[in-house]
Amino acid sequence: MCAAVTGDLQAIIEDIHRTLKPRLGEGKVADYIPELAKVDPEKFGIAVIDLEGNVFKAGDCDEAFSIQSVSKVFTLTLALGKHGETTWNRVGREPSGSAFNSIVQLEHENGKPRNPFINAGAIVVSDLVMAGHTPREAIGEIVRFVQYLADDATIGIDPAVARSEAATGHRNEALAHFMKSFGKLTHPVDHVLGVYFHQCALAMNCVQLARAGLFLAGNGRNPLTGHTVVSSQRARRINALMLTCGHYDGSGDFAYHVGLPGKSGVGGGILAVAPGRASVAVWSPGLNRNGNSLIGSLALEMLAAKTGWSVFGGPG
Amino acid sequence: MCAAVTGDLQAIIEDIHRTLKPRLGEGKVADYIPELAKVDPEKFGIAVIDLEGNVFKAGDCDEAFSIQSVSKVFTLTLALGKHGETTWNRVGREPSGSAFNSIVQLEHENGKPRNPFINAGAIVVSDLVMAGHTPREAIGEIVRFVQYLADDATIGIDPAVARSEAATGHRNEALAHFMKSFGKLTHPVDHVLGVYFHQCALAMNCVQLARAGLFLAGNGRNPLTGHTVVSSQRARRINALMLTCGHYDGSGDFAYHVGLPGKSGVGGGILAVAPGRASVAVWSPGLNRNGNSLIGSLALEMLAAKTGWSVFGGPG
Amino acid sequence: MCAAVTGDLQAIIEDIHRTLKPRLGEGKVADYIPELAKVDPEKFGIAVIDLEGNVFKAGDCDEAFSIQSVSKVFTLTLALGKHGETTWNRVGREPSGSAFNSIVQLEHENGKPRNPFINAGAIVVSDLVMAGHTPREAIGEIVRFVQYLADDATIGIDPAVARSEAATGHRNEALAHFMKSFGKLTHPVDHVLGVYFHQCALAMNCVQLARAGLFLAGNGRNPLTGHTVVSSQRARRINALMLTCGHYDGSGDFAYHVGLPGKSGVGGGILAVAPGRASVAVWSPGLNRNGNSLIGSLALEMLAAKTGWSVFGGPG
Amino acid sequence: MCAAVTGDLQAIIEDIHRTLKPRLGEGKVADYIPELAKVDPEKFGIAVIDLEGNVFKAGDCDEAFSIQSVSKVFTLTLALGKHGETTWNRVGREPSGSAFNSIVQLEHENGKPRNPFINAGAIVVSDLVMAGHTPREAIGEIVRFVQYLADDATIGIDPAVARSEAATGHRNEALAHFMKSFGKLTHPVDHVLGVYFHQCALAMNCVQLARAGLFLAGNGRNPLTGHTVVSSQRARRINALMLTCGHYDGSGDFAYHVGLPGKSGVGGGILAVAPGRASVAVWSPGLNRNGNSLIGSLALEMLAAKTGWSVFGGPG
């Protein structure tokens, strides 16, 4: 259990926690990755970090969970750093209009994924991050980058989850081989998937995750470390992608109810960004039918309503 | 030609106009509605109205054009006023991942359109707006609502455009009959399309359009008239829909480059909203491959960059 | 009730009738056309006419029913007579892999239907049959052609069914407008659909229907009248189309179980052709999930098994 | 070069060969499997074997080629022998309405392939043939079965082709992993694909291939060996599947022009069956846009026209 930190925001966080407590356990814990199915469905954590570095948190906010697809934000940031705007020759920027692991769109568009936040697109991003290196090197680089973003060298990968992903990742194997058949991956399929499965197995707690996303709230600069991670233009653009594509086929719904750029993972985590204000991480394992944390989404909707942080207009 | 009004913003507007002037005529004027094909492709207008009511404008900003699908924002607002959140039982809130007039998605989802800003969804919204009234009554109500929003009783429908739409609207006829076959329209198909074709034929200039959209920048309240059109929550939600779905299969791209909620029409108009700041209307008839104004999108990208109005983070 | 005519084949027919009697009423009577929903679900008729003109029949074989899509065989024959192989510039010859009224394929293939036996394709064939004439003239020509094929001037259209089709044909309206939007229909949509709805409303009994199809068993020549309707090559080709496309998305299943070219209608009728041997018509209103007569298909499977008429090999 | 054998049929074969000679080289040799791209595009062979065992042949009819997907007929026969009609719980019997390697249909139908002659379906059939055995055992069984059908123990697999398939088979990997993700394969993906890639690499000449298919012309019995391979019912059913599904998205076209059950392979071979009459194998490497031998299809069209063997009616 986290201790309270300071002020009004802390009260809001605690109120959200208290209100949602009776509903913990709702939704469906991801079971297609066996390791994820073992998680206690009643876990709930939330952490908010503002641009002054104040931390507000509640619940199981110090317990690490598998961030899964939230990692796609960090690997996209890495890929953009290496390849700049040419990244978009390899992956689109449009919402997919279909499920996170759909292959239909790929066939209709010659193997080019619609955006970097669906599985196919994230696999292409892993290929871009590799840039000629071995899987081991690329995985190391990703881990170090996330450690750097969160300013926390203890962050690592859960090897049991990584193995579990690889053993059961037939849908991702299908996506990768399909793109390879269109010449859309430059490295061997098993290398790219090795990287992808490991990035998904990153284990972080809510505080670490909120810290890692803080540069997106800070116009590209992490105010805790003073590091400029990306330009302010790039920060805005990553936020835009999170808002339009960050929740698979529930992205419109999340924008409607929450109004913040966000990226979810099937581990139940969501990273949300309030530009110019704060970075937020929530965790609750039960998922809604689009594969996004059910209680986590509600927590963010309540937070946005109470703080007036929606990017779409003031409170009231 | 518009006379300058005041200050820095006016300089920005004029700079944008000057910079884009050599490119006017780029893109492809919509030709599937014969009346639209007659428009001079080198027209360009822009108007910005801030929450204090200051108007900044340039180019052909006082010349009326066919707002086409921009009208979908106003009919959605009307429908939400009549039906509230039950509106969403009839139409979804997710980006479509396909062209503005696609019928494929409808077949896969039993005739329920993905969102109110693709044609199928807007036709359902017209059906909702009718609410048992005749087409003539519904059209009258829509015109009066837009006049009220813009505080300008001179706004009306271009009858030649409405006739032209009806005579060539086979794709929309197909969408409407298809939904009717799934029981998704309550009024006769020709009545609903009569309303839809007329709303698309609304003729407005940039200043009128920016005024009509000002309530979305003002948390639901039009500061010029003092009228509260919708609640601040509803204003945020309409803005969210515009951002995720407002530019058909180019919505992600518009969010990436501009970072403002917006809605385009094939007449070359775009209404964009800077929440808490201003309402913007641009007009340039040439379209990009997604059916959105090519030069109009560039103008908004420049405006957002120079003003720092992107909802996704500050300037720089 | 029909009286027995002659020999072994008559015994086979009667045996089939007796065997299936307990199952009459199975399947689902088409209800999307209100007039069809009124038919007694326990009706069953069968008629076989061999190339010597012998008639074998059982059940309600002299009662007229709505032949619906079986008419597509006759209008295709007419269209081929008028336009020859250029017909195939307007409609394909491949199985559709989807439901009889699917619109998805049309969008993916720019409005060109896959074959003349799905609704979209048959609507194009109606457009081809019109060839510049009025709907009234085209309908008259179709009726006279079917009368000529069956050598029976009493065959006509059921006006109540035609009206019922028109009043509820939103899916066909959608298909037609959709193709019109691609420029695939030369006549006005309502004219083409007028022809289409009337051809579907042709009322025939099993004996008439078997007679009308006899030219396809006789290498293009109707042995009863001595008329050569089409060349032997064209008869083979129409038979090939019936076999690959005649039962919508159940065509493969029908070929597997029956092994004869055939065309079904949602009125519960099926016309089947045993090349070089006989023409067969069956009628039973209950449909299987692909929209083909459930009991009618079983009757033909039994007939093919007992006679060894499958085009795919001898009995045993 | 083959020597003439006997009578009129030999003259027909030679006439076909002579007529098509100037066109040899038309079409596009498959290049996605590197080994296949090495084949001389001007090769042409044909062999016809009637139920009395007479062999008629011309061209390169004694030169082995890669039979590729023609093998799907033989593995389906094996699977039906092991699993009977329960085979159809795992794979459908309908034409696909899409390309041979399409994955779209799989997603829409929960991983169940439409028929055993598209790649996805054939991979399921390989899984069925394995029935718990190792890949090596299953491959051995397939080879021995084809040797038995053709009564020729010299038939084997081209190992260079098998390796080439495996190295470049990303589309097939995608299909297999995709089905595995739906639980549609019982053996490990790489085992199933090992079997599949080897069966496709079977090397046979036209005479061997025509002999192997003779049981399908003989109501299930190979008249050369006297072996009853399958029941006459099953022979008819396999023929029906070949007619409706044997040429991918060109099956309707093949039925229209040739009128015989047939199965093609991207190596340029086609096996065609004239029930009650003869088995035919042709080989010409250039493919049409549907992936079927262009000249081979023409040769069969000429043969069917000259012999009157179409299953859809007599000659003339």
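Worth a mention:
Labels A, B, C and D are assigned to the chains in the order they are written; within every chain, residues are numbered from 1.
Assume contacts are C-beta pairs under 8 Å (C-beta built on N, C-alpha and C of every residue); 3 or more make two chains touch, one makes a residue touch a chain.
By chain, UniProt protein names: A, B, C, D = Glutaminase.
Everything quoted here is computed from the prediction, not taken from an experiment.
The chain with its CA mean position farthest from that of chain C (Glutaminase) is A.
Taking each chain's centre as the average of its CA atoms, chain A (Glutaminase) and chain C (Glutaminase) sit 56 Å apart. Centre-to-centre separation between chain C (Glutaminase) and chain D (Glutaminase), using Cα means, comes to 32 Å. With each centre defined as the average position of its C-alpha atoms, the distance from chain B (Glutaminase) to chain C (Glutaminase) rounds to 48 Å.
Multi-chain contact residues, meaning those touching two or more other chains, do not occur anywhere in chain B (Glutaminase). Taken as a graph of touching chains, this assembly is arranged as a ring, one closed cycle with exactly two partners per chain.
You'll find the chains touch as A-B, A-D, B-C, C-D. Residues of chain C (Glutaminase) that touch chain D (Glutaminase) in their complex: 92-98, 105, 114-115, 216-217, 219-220, 231-233, 235-237, 239-241, 243-245, 249-253, 255-256, 259, 261, 275-276, 305, 310-316. Chain contact summary for the complex, chain B (Glutaminase) toward chain C (Glutaminase): residues 102-104, 106-108, 170-171, 173-178, 180-181, 189.
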